[in-house]
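Each of the two complexes below includes subunit A, the first together with subunit B, the second together with subunit C.
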Partner chain A sequence: MTDQPRHPAGVDTAWEGENHSDLAADFPTPDHIPHAATAHEPGVIETKDMDVFYGDFKAVADVTVSFARNEISALIGPSGCGKSTVLRSLNRMNDLIPSARVTGKVEYHGANIYDPGVDPVEIRRRIGMVFQKPNPFPKSIFDNVAWGAKINGFKGSKSDLGDLVEESLTQAALWDEVKDKLKDSGLSLSGGQQQRLCIARAIATQPDVVLMDEPASALDPIATLRIEELMLELKEQYSIIIVTHNMQQAARVSDKTAFFNVALDTKGQRTGYLVEFSPTQELFTSPREKATEDYITGRFG
Partner chain B sequence: MSLTEQRSSPSRYFPSDDEYAGLLDKRSRRARVIQTVLLGALAVAVLALVTLLYTIINDSFGLVAQINANEPEDVVASFGYDPARVGLGDLTKDELVVALQGGIERNVGRRLEREQRFYADRLVFESQEKWDEVCARGDAPAGCDSAPRDHGNVLRLVEERIIKPDIVAATTLQASVTHPQAFKDSVRASFADNPERYEGYTYEQVRYKWRAWLSWQFVTSPSSSTPEIAGISTAILGSIWLVIITIAFAIPVGVGAAVYLEEFARPNRINDLIQTNINNLAGVPSIIYGILGLAVFVRVLEPVTSGSLFLDDPAPNGRTVLSAGLTLGLLTLPVVIISSQEALRAVPNSLRQAGMGLGATKWQTVRSHILPIAVPGILTGTILAVARAIGETAPLILVGAAGFITTSPSGPFSQFTALPIQIFQWTSLPQAEWQHLAAAASLTLLILLLTLNAGAVVLRNRYSRRSL
Partner chain C sequence: MTNIFNGGPVPEAHGERGEHKEIRHHFEDQLDEIRSGLVELTTLVLENTRRAGQVVAENRLDLIDVVRNGDDAIDDLYVELEHQTFNILALQQPVATDLRFLVAATRILYEAERSGDLAVNIVNRAESQSGFPQIPAIHSLLARLADESAAMFAQCVDALATFNPEIGENAEEFDDVVDTVTDRFFGTVHAHSAEIGLECAVEMSHVGRFFERIADHGVNIAQNVTYVVTGHFPDVESADPPE
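Moving on to the complex of A and B:
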């Protein structure tokens, strides 16, 4: 799979269907989308006919997908196809953007997280997030990891908190590098270390799912490799959903891959939609859709 | 070989090498001209500041022509000391009291003693029977139960009542240094030409002295109707009280409003309207705030601002330091809000996302990560706003700062005056001495501002270090 041509970086040429006069015609009908999780094993997060709007602008249309437990699911697609938007809708981070609005359903263990009465704070604690650019707090390494636990009502003693910090940093493969300088600022670390610190911080609140938004795009190849190894270890305990621009990365780490594409409507608005969601092996070797094949062979994107 | 010659196919849209050299020269010249203009702008600003400082300092020090009713040397000599080695201030309190006894009318002394007695255990001007009788009355004077006058206090009385210095002419620092003789000649000529201006004095009595109008005595003495002994301790204390109340009001309210607007408020029409109004309020003339303060704090809230709601002996009306402080607080509020908003906006959004992504509430994120980073910026803006408030005169005149007051404010419910008010009062008096006093008071105000700003910088640097 690694022999797949890598799409040229920085080229933002979203593929446009041959006939984009009718938006609906470009969307695959629901039975085109294979449901990865079978009926007897529901996914940890399932979206049903999810649309995401920014104001009147429909950014993503009609996403129905099921992410399985203890797997790494990758979201790939050309720039502007809404994969990050989809990811941020899964733990209501989009709520921070005042104009953002989600319709349809996002079910977490069968309950719609957009139901009124659901507190997004609770959702974000269960579904943690790692961002594209490492964003440690300008505080000590220890406080970076401990803070999430503290605000979420960590009941243990001071030494328990220390244990939690050690455990989280160990899981994030950072402990050996920082154990002697836990009081140093998190900003004193290198980019790759900062990103692992952010992962340690996310798993210290003991979430169920970890969302990662291009977690390695700001890192060099070695740091990227470490993050990928880390993800493979973490999936034993967590369900991971990752957005990536790097198809090789998706191929290397993920169990299932969702390919998103963008369609233009008559007014020139770009709306993202899900093309297909399949086991990674299958998607990269025998894609069901022509668009997927064009994308992974580097014909566009 | 020039760079373009190396190119295989020079573009026809770019100038030729020769043209380019000329163009480059032109661009460099233009850059130099602009740089000079910018430097000129800076020079104008610096020049204005230097002129301001020069004017103030020039008036704050200099030669004076002074006539004493009694020379301090004579007073010292009357106790058998050598005037060359012993000054008036070196005399003991007992000696000063004796000098006072010999120099003032007995009834004047009685009045002074009733204001504040000289000794705790004996009376100087009053007989014991009369004293007991006066103190037994319902409206007993303050001296009956106050602490006795100390050495400095008696020294002041001696200077004020015995020496009675009268400054008949004064000049600036520059003139004193460069043409001291010209000043003396002008005083002599003035005596010769207009003897009626110096009634009771002859030129022979005139003594030329260096006088620092800004002196420790000036800073620590209360105001007086005699320019020679007038000071600004009352005004300084008034200004300090104002700053404290202004800060105590403007910072919590201003920062609170800024945090709400920046972090919690959703952009809708009402919040946009509020935002626009806050921006406009920052430009409202201070006199308008004075009118507001007069109407609201002095009149409507008089029970609160005069203290009659909580105190047994409240101020007679709402024209207290509390009213003025709240008015200045309102005046600074828009600037505090706007600068705090700027500081909050400068905090990267990634930190908000990081906090929220961990399952923190908005307030937890703001409290732990956003505010600490914004504090230095908030402090900078706030200090600038408060510094402006210290110099405000117009609103204080409206809310009733006292023009002449000799008792220092003792709390938020006191009558008060403030440095700019004092300066304003003095500059409007005709005699030249007051102008020098006003200059010295201005210098004091500048030093006070400088101290406040320095304190803010220290505080800000400490916070900047802590947040990283």
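Moving on to the complex of A and C:
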């Protein structure tokens, strides 16, 4: 969340303006999505033939995948396989890199988030992100959580804002530890607490999907387990997509796992591709693809 | 011999620099130790099953103590292998084929150890009767049953040594032969029960059942091998957890 919103007073003006395609105007909100889980329920985010380029370099090729609602999906694979690139493409975080370009489709509730007229800031409000290194603002714990709501045009009273902060911190399993020191700096917390603060900040804007890029890799094992436990709580309300180098973490928390690998082309360029996206229990017991088996059993590195 | 841990085609591209590089040699060695241990354990059980067959079919009462001592070695190896398997499960977080192999190993250990006990039960029953009476009709069937049972168990040793999934796929058919011979044996013992005495008939029936059970354990072991290789049991019904 390092970028500044273009409409600090709220994104609704941009969102509801007249110069939008039908797709953008009809952009569904999560409340309009029926919750009933059916076998053919479309994913909350679906990519179709997605390529991601940095300049001329194709970082990721031909990713077609559907992330289900209220599930945790894990992206695993060796360094350079493009899993973080894929994650950042799902809420247009890659827009912040000038040379980055996405082709194909990334559909959020059926609408392509890369269509003209779609506001990336609104996308990122609905599809929040938590980063590898906890990055609270150098502000109070309260303000860290209230920030997102304020810049998104929170219109409630002061006490409403207080309620939102408490609710978000409670959901992030941090409230009991910080309720008596909400005015302390967010940076005064431990690493694990800072990461939960960042999760509280991400969910305070009431997103639909939370993307997590290695959210526990800078934390000790106990703090890691707290974050994992938190993810399992949060998936009741949110859809979570996580990138992790820790295969046991993917195995412990995720419902489905995507394995990405790297292919070298004739010019020696390394392009990531999706090998297999399977229910986690299947992927770690009987993977469909030999390449997945070799990676998760550590036979090739 | 196929090595399930290293076999198969190397994938096109993988890894940090796309190089083909095997890692975790120490872990591979640990798995290989368990695998060769399982072959050794089942071979010991097979030898004891054959000896038990000689005890009842050839009246080789001199082999009774050999069978009992052999079972002590089986139990020792069982304990050691179970310990190793449990440690790897606890410490290495195995997945995929490795996980299936180690879970199957715990089942195979149980099946083999039980088979070893059954061979001891057989020689105990023979000893209690000071050897079985030599009625040709009964005897030829008992010898046949002992042979078929040992042959089935030999197949599971072969399955473990080669990791051939087809042996487990076809094990039920082989086991049907054992079951048929067992039924004929029961019928024949029953028909001669007045002649050999009720107690002896009961003991011989037990012996028949024990041989038949050893063959069943052999089937389960071979099917577990199929599970390791393919990820599926060939026959879910007969692969129920042991009672």
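Simple rule for what comes next: the second predicted complex is superposed on the first by the 261 of 301 C-alpha atoms of A that agree within 3 Å, B and C clash if a C-alpha of one lies under 4 Å from a C-alpha of the other, contacts with A are read in each partner's own complex, and residues count from 1 in each chain.
Note that a contact is a pair of C-beta atoms (placed from the backbone, for glycine too) under 8 Å apart; a residue touches a chain by one contact, two chains touch by 3 or more.
Small disclaimer: the values here were computed from a predicted structure and weren't measured.
Undergrad: Looking at A:M50, would you say it contacts subunit B, subunit C, both, or neither? Reply first, second, both or neither.
TA: A:M50 sits against neither subunit B nor subunit C.
Undergrad: Per the contact definition in the header, classify A:I199: touching subunit B only (first), subunit C only (second), both, or neither.
TA: In the superposed model, A:I199 contacts neither subunit B nor subunit C.
Undergrad: Regarding the shared-chain residue A:N261, is it in contact with subunit B (first), subunit C (second), both, or neither?
TA: So A:N261 only meets subunit C here.
Undergrad: After lining up the shared chain so the two structures overlap, which partner does A:Y295 touch, if you call subunit B first and subunit C second: first, second, both or neither?
TA: Only subunit C; A:Y295 stays clear of subunit B.
Undergrad: Could you look at A:P78 and tell me whether it touches subunit B, subunit C, both or neither (first, second, both, neither)?
TA: second
Undergrad: Could you look at A:P287 and tell me whether it touches subunit B, subunit C, both or neither (first, second, both, neither)?
TA: second
Undergrad: Using the superposition on A, tell me which residues of subunit A are in contact with subunit B and, in the other complex, with subunit C.
TA: The overlap between the subunit B and subunit C interfaces on subunit A is empty, containing no residue.
Undergrad: For subunit C, which residues are in contact with subunit A within the complex?
TA: Residues 5-6, 8-16, 18, 20-24, 27, 93-100, 231-232.
Undergrad: Give the list of subunit B residues in touch with subunit A in this complex.
TA: 266-267, 348, 350-361, 364, 368-369, 373, 467-468
Undergrad: Sort out for me which residues of subunit A touch subunit B in the complex.
TA: On the subunit A side, the touching residues are 91, 93, 96, 98, 121-122, 124-126, 128-129, 131, 133, 135-139, 147-148, 151-152, 185, 187, 198, 201-202, 205.
Undergrad: Please name which positions on subunit A make contact with subunit C in the complex.
TA: Touching subunit C: residues 78-80, 247-248, 251, 261-264, 270, 284-287, 290-301 of subunit A.
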